[in-house]
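These notes are about the structure you will find just below.
The letters A, B and C name the chains in turn, as written, and every chain counts its residues from 1.
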Amino acid sequence: MKEIKVTTKEKLQILDITEEIEETISGVNEGVVVAYVPHTTAAITIQEHDTELWEDLLNAYQKLVPIKGNYKHNAKYSGMPSEQNAHSHILSSMIKPFILIPVVNDQLQLGTWQKILFIELDGGRHRTVKLLTISKGDEKP
Amino acid sequence: MKEIKVTTKEKLQILDITEEIEETISGVNEGVVVAYVPHTTAAITIQEHDTELWEDLLNAYQKLVPIKGNYKHNAKYSGMPSEQNAHSHILSSMIKPFILIPVVNDQLQLGTWQKILFIELDGGRHRTVKLLTISKGDEKP
Amino acid sequence: MKEIKVTTKEKLQILDITEEIEETISGVNEGVVVAYVPHTTAAITIQEHDTELWEDLLNAYQKLVPIKGNYKHNAKYSGMPSEQNAHSHILSSMIKPFILIPVVNDQLQLGTWQKILFIELDGGRHRTVKLLTISKGDEKP
């Protein structure tokens, strides 16, 4: 399975990883690419490449699930600054760590404005995104 | 790849597209169907066909991410009424523009109450949903 | 298609079903497993196995979409205690009833801390999770 590496610097940060993913796709006549984030404090989605909008996304996520809150996970690990991150787990559980996109002739079938966005929710960190293509199987004609 | 067309009339609107999708499925012994929305201001999900519930869904989405807010995306495009839609991008980034459902003998394996719902978040517009089936590949017996 | 059975006891409850799912996987050299919940008042996600965190998740979900609210679905079925569950439909429409995870040599390619979590949003109930593996198809070398 292929994978790409991502490095984040901010606590919450969005990175456009469309090109890196598209470059890995080969040999797919018709199928899908799956991008899978093997982390519990990050997520992945599909949206526009618009840095002002990205601020809106991250502001909205934090408004919905504040970084500072009365979290049992954080209390259990009080004294461990790196574990004061319940907000990132909660957001990751909702936005989820995978996407899939149709592929035709090795080209992502994204809409005009769609890009693949890695969502860091507890950075900065070194992150991995696993990539797998699946072609249409043997279907009856 | 197959696709269906959807036309919405309301700013926020839910449409049941289960039948249109099921009609496109053929030749799949066992696999999945992927429904993919190539838009950044709409989404797709799986839920009941209950118009009162649909009002609850849309009310809840708007309560979580208000249409009117202090959004940088909207400010950047102030004066452009069609771009005052940060709320729709944020909701689409969370609900996401794809679903997948198991298929057996060309039949969607939905639960008793499940239907496929297109979620318009910035209508009315003409929309597309791309459809792809993937059958089980050659697995060892 | 394979499936596993889950029994919940609480109104909102999280169950780790990673092992049950992993045991069903066989014959997959490289591909994905799809876990699909055929219910409209439950969901499925990927997160840590940490019971304190699970309380945080369920508390956050309820804060975002309160169990008691001015819901049209609940009003339509007033007098039916089992249908006072609009919150569970709304949350299920956002968190969604499916996941997919890469598989190599029949092993889930989960990250170090990732587990597969069934999310009961309107229990206690008897629930089903449908499971399907899809191997990579015939791709050009």
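What to note about this one:
By our rule, contacts are C-beta pairs under 8 Å (C-beta built on N, C-alpha and C of every residue); 3 or more make two chains touch, one makes a residue touch a chain.
Not measured: the values here are computed from a predicted model.
Between the two copies, subunit A and subunit B, the Cα superposition rotates by 120°, quoted to the nearest 5. Shared residue numbers account for under half of those found at the interface formed by subunit A and subunit C, and the copies are therefore classed as meeting with different residues. Once the centre of each chain is set as its mean CA position, subunit A and subunit C turn out to be 19 Å apart. Residue positions 31, 64, 94, 96, 100, 134-138 of subunit C are each in touch with at least two other chains. Residues of subunit A touching subunit C in their complex: 1, 26-29, 31, 34, 36-40, 64-65, 71-73, 75-76, 86, 89-90, 92-94, 96-98, 100, 130, 132-138. Residues of subunit C that touch subunit A in their complex: 30-32, 45-48, 50, 52-53, 55-57, 60, 64, 94-96, 99-102, 104, 109-114, 117, 134-141.
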